[in-house]
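Per-chain residue numbering starts at 1, and chain names A, B, C and D are given in the order in which the chains are listed.
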Amino acid sequence: MPKNPQRYLGGRPIGYYRPRGSQDIRHLVEHGFQAFNAGRLSEACHIFTDKMLAPENDTTIGLTVAGALTPAGLGGCVIELMDRGLVDFIISTGANLYHDLHYALNFTLHRGSPFLDDVELYEQGVIRIYDVLFPATVLLETDKYIRDFFVREKLSGAITTAELHYRLGHDLMKRFPGCEDHSVVASAAKFDVPIYTSSPGDSSIGMNIAYHELMNGGTLMIDPNRDVNEVCAIILAGNKNGCVILGGGSPKNFYLQGQPTLWEVYGIPKGGNDYFIQITTDQVVWGGLSGATPSEAVSWGKVNPGVLPDTVVTYADSTIAFPLFCEYAVGSEHGTRARKNLYLKRDQLLADLKRQATEAARNRPQPEAADMMPDLERHR
Amino acid sequence: MPKNPQRYLGGRPIGYYRPRGSQDIRHLVEHGFQAFNAGRLSEACHIFTDKMLAPENDTTIGLTVAGALTPAGLGGCVIELMDRGLVDFIISTGANLYHDLHYALNFTLHRGSPFLDDVELYEQGVIRIYDVLFPATVLLETDKYIRDFFVREKLSGAITTAELHYRLGHDLMKRFPGCEDHSVVASAAKFDVPIYTSSPGDSSIGMNIAYHELMNGGTLMIDPNRDVNEVCAIILAGNKNGCVILGGGSPKNFYLQGQPTLWEVYGIPKGGNDYFIQITTDQVVWGGLSGATPSEAVSWGKVNPGVLPDTVVTYADSTIAFPLFCEYAVGSEHGTRARKNLYLKRDQLLADLKRQATEAARNRPQPEAADMMPDLERHR
Amino acid sequence: MPKNPQRYLGGRPIGYYRPRGSQDIRHLVEHGFQAFNAGRLSEACHIFTDKMLAPENDTTIGLTVAGALTPAGLGGCVIELMDRGLVDFIISTGANLYHDLHYALNFTLHRGSPFLDDVELYEQGVIRIYDVLFPATVLLETDKYIRDFFVREKLSGAITTAELHYRLGHDLMKRFPGCEDHSVVASAAKFDVPIYTSSPGDSSIGMNIAYHELMNGGTLMIDPNRDVNEVCAIILAGNKNGCVILGGGSPKNFYLQGQPTLWEVYGIPKGGNDYFIQITTDQVVWGGLSGATPSEAVSWGKVNPGVLPDTVVTYADSTIAFPLFCEYAVGSEHGTRARKNLYLKRDQLLADLKRQATEAARNRPQPEAADMMPDLERHR
Amino acid sequence: MPKNPQRYLGGRPIGYYRPRGSQDIRHLVEHGFQAFNAGRLSEACHIFTDKMLAPENDTTIGLTVAGALTPAGLGGCVIELMDRGLVDFIISTGANLYHDLHYALNFTLHRGSPFLDDVELYEQGVIRIYDVLFPATVLLETDKYIRDFFVREKLSGAITTAELHYRLGHDLMKRFPGCEDHSVVASAAKFDVPIYTSSPGDSSIGMNIAYHELMNGGTLMIDPNRDVNEVCAIILAGNKNGCVILGGGSPKNFYLQGQPTLWEVYGIPKGGNDYFIQITTDQVVWGGLSGATPSEAVSWGKVNPGVLPDTVVTYADSTIAFPLFCEYAVGSEHGTRARKNLYLKRDQLLADLKRQATEAARNRPQPEAADMMPDLERHR
């Protein structure tokens, strides 16, 4: 089968655009984005730079990423925010991290079209992510790199996704020096920003760990428990807490469940988020979590009841809105913060969580046996 | 704080409606649903009943569930499909399974409104899922049941989500006899239908396992690797494969990555899905996986290139479209199949996967060292 | 160019499905549609049948229609509602009325697919409306019928769209007896239901009137003023007022501006709508009128401030939700009302409007010259 | 009733932001907007500036406007495009033109929030358009200005919307010198850009003409026929034709029906559009015209079959995407064209249309009587 993927790969290579803090763009946001979603994007820029990044608030900022943002070249925005200390930890779909590796390994993704014949693409060995195109061999080679990394590094036992991504990032930097300028995973490792994945089996990274177990007898395994607890511990330690949610999906919930875990499961009255920014195209009326509003989150204790003015949802494609948002933030007077290096503090934060949870448990009245099934309404 | 949740809980209790195979509804679908999304829903009904359920095709059918369907009372549709052998395995968000437990435990969720004051709800201890309302104590009691179950059953070590849910379902049936008529988790256990969760830490079930580890020193842990491999093994064993995707999200991808795992990672040329039905409100133009079309999936080997006519996406809220779909299927001549009891066959299927993967690996040419970084295009 | 449209026209003919009041469907709506948009659809069914159709309310009910509903076969639902007196007047896009004529003239539209090659369709002389297909000659013949009708009936001078459609309907019934069972335009004429179009030049009907003026020297012209005033007069005369809005668009606004015209322009304090039902897929967050909520309409005096509980928006494709809605209403105890025959009462209603407006003007204080530019805030 | 609207009017005044051709924004579009809707917006910018504005193509460019863009402050973008000759004629909803008058009359609209209590707003006399707020008196005063204008200018008889808006614009400039910098209607009059409205009765302007007829015995009336024919004539005269469609709705169809009117009704084989740019959030899968693709338009002869590469739809809120689009165009090497002054050429263009249509009619074979109802498929 003499495949010829090249005929589909003539579009310009996709690179990681780095926001530079354009004052023109800040002017547009300030004076041209006045109402509707432009107004919301302007609000989001202000909440982020004026409040979340204000030194006196010392906000612990989580970024959640769903939707194919690294294939679309948005990784540069994330790198810039990490470098400048504007994001402290990340929760991402596995797919975004897997496709980020293509950039680290210097494989080329191309601008294309969403209107191609997929049967033809399949026959020619071309993979399509909406309008992004690349040869199927990029997948095979990236998979191979991942599996070799497991073997080479002798990864074993149950670890967090944060540790997996951190070690992956360092391996990339060691083997492909300079790649951190082109890789979220590598630069996160460089800047000690932990990256979590809420659905560890759901991506090509997870598929390759599964292979490693089945075929190599590897013991490497993701421990979702510790992921949950580390995120809770990070949130618990925050002076103020805030999030930037791109898309929605499982990463959004994984972040937002942090506060309910604290009060509902651990009995620690931490309170909800202080700031909440979401850029999404999902809609509240479809009833899913991706489209759920900050207001709905209040009833769950995910968002502080008093802070609804400090929450905003911008309905827009992140590929348009997020670069504008980053330009605004980078160019602001709060465009740089000291990095929190949370990756290095995980053990200590976890110990704090355990201590506080133990204390909370001690102070809770012991439930009587009769409480086992309380006086809740039942209709059957 | 004398909370008074009752004033918000006057709406009718939400129950698990069971489809009964209405011939009126089949008539409407056949003659009234002719074009646009009504036409697509009619197509979906035909692909499911005429093709996927046709005895000669012996299709292995996966159902993926995202969006808050159990809170909206859709669990009865899923139970009916499992009971009749029309669905062989399930991939669900954890949230749907967690909220299903409220029904099993006979706590009452109420019809409400999406237009309430969430600060007031929060103060009164009422939880809101879009327009579904219930007391916050329902969460606390459900959590308590889950944690007690872990202790009582002495769950330990790394297990699959399928096993976790199966054992949970049997515990529910044992302690609350008859609850399987009101619980997806319990009835799945009864019918030996495995239920997987792609994001095991991302839900209150996951939160409570994390608690169990941190506070009880429990060793219970979800092994995402085995989840990935079991789903692959189930798909590999299918005579034909097809899916019904409600919503999208992480469960959709977790199902659809099965075929790519087989060819891309294990080197087994299984081919893609034969049938693909999705009910969603997400859109292709936003570029995410939830809205990605069967056509795009062809380029990834997730859907067989030859079967695009046997794929369909209906753009509709599942709360409306799925009950209609189930009524149509249940009332059709293929409204009952022998159940596959896949839960009981997991070990054997996994062994088959390992055997075929080993064979495939043996037949693959050993890559030379020079192949390590192949002749792929790079633009840096 | 030997065109061959037949190869695309193999799909089943699209007919006008007539709802029959299925009790199964009423059962599903009552017990299965509990939350999310299913819950909203259930609410819409209840507001319509329990309140709008309740004899004691004697509600004047307007139906507005946007989106290609007649091509999709939804005309039968509208005919059934008119026949039963459940809808008193209609505001529709011209396109829906134009395509309705194909059914009256017994031309066949076919079920097709949205995934065809449009360049090929164009070359073969096939017209596509999403997934509905028919030969381009259907357009040419329908146009010819319309132009012949103008000449034959010697239509001239400025008339309302209601009169145009009424006379068109009677011509159809005269020339194609029995066609009223297959035509909204014809059956509206039969049942004396006035049909207005908010954008009279924007459809093939308008295009052919424009031709008639330019090429035949015809004087026939639509008078938008009288359309506006007749709709206001109908609303003014209503005991209670309510609407069923399919889609949104210009027809939605044309209906909803009725009340503001009364208070803002004519000075008559009629108050806003008492009932408001919309089935749409547009979203409030995009800021357009199609997606604007009943709540927003309150600030404009379009909806009565006290009745928000009697308003509902169901987010769904009308092709799915509207037949269900009609089945529910037709099968209810209020499934038939005496028809209001508003077409025959237009002159009298208009006279009433003029009388009341004159009285209101008499009672308004005469503005002083100094009032010309009042003390409103200006920022330049 | 001592109303106090001021408490809701504390937000910054909304002004008409004027794009200035920022090179930073051009850089972002070029290098940062690579895929997904960012990629589409980049494509739209290139089609507009590289092709539609290329001197050798001498494209006649129509801009259609739906959605509340003038309330959101987008009027400045439209003024800049007209001033620079980058838009030759406009089709707008009446609402956008009506609300534009507030700016001309120097009334102030304010930035607000979409989350206010509308019953309270109603009681305080505040009007809300999504998140834009202003006192109800602004409506009353604008209405008064319009009605006074009719009387003062002695407007009478049937005229086009283009003439109505043109004369309105000149009246504004005469009475409020300098207002053209803050008004689309006034600046269109200044630059001889005709503005059409597809739904002349559907807005407060139309409501006030209707008042004028009913209460003043005025004969002023919009002639939709001449609107249709003028738009056809403008399109017919274009060397190349292209459109920029904001939103969709009735203005979109009114523009796009131009070519079908020419071939289907007048028998003039002009061919479809050469360029097609749409910025919308509507979706193809809902089946309406607003979301219909350039591809679907090919089957109707609305878009030239050969030019699909020169068509693009960007899915985004116009309030974000249109200012970026305008900055890109204004800053390009084709950022200024000679204005076409189409308003002044309408009579001549209409005469050309009539001449060509007469010729086409002469050359068409006379249909036989037997052709009256041709051999089309019928299924009844």
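The rule is short, and it goes like this: a contact is a pair of C-beta atoms (placed from the backbone, for glycine too) under 8 Å apart; a residue touches a chain by one contact, two chains touch by 3 or more.
It should be emphasised that the depicted structure is a prediction, and the values quoted were computed from it without experimental measurement.
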Greatest Cα-centre separation from chain B belongs to chain D
When C-D and A-D are ranked by contacting C-beta pairs, first comes C-D
Note: chain D sits from chain B at a C-alpha centroid distance in Å of 46
Per the C-alpha means, the centres of chain C and chain D lie apart by a whole-Å value of 23
Whole-angstrom distance, CA centroid of chain A to CA centroid of chain D, is 40
Residues of chain D that touch two or more other chains sit at 15, 35-37, 68, 72, 130-131, 281, 283, 285-287, 295, 315, 317, 319
The residues of chain B that touch chain C in their complex are 12, 14-15, 17, 19, 22-25, 27-28, 31-39, 41, 68, 71-73, 111, 115, 130-132, 281, 295, 315-317, 319-321, 323-324, 327
In the complex, chain A touches chain C at residues 35-37, 283, 285-287, 313, 315
Chain C residues touching chain D in their complex are 9, 13, 15, 66-68, 72, 93, 95, 105-108, 114, 118-119, 121-123, 126-131, 135, 137-141, 143-144, 158, 182, 198-204, 206-215, 221-229, 232, 247, 249-250, 253-254, 257, 260-261, 264-266, 281-290, 292, 295-301, 305, 308, 317, 319, 350, 353-354, 357-358, 361, 367, 372-374, 376-380
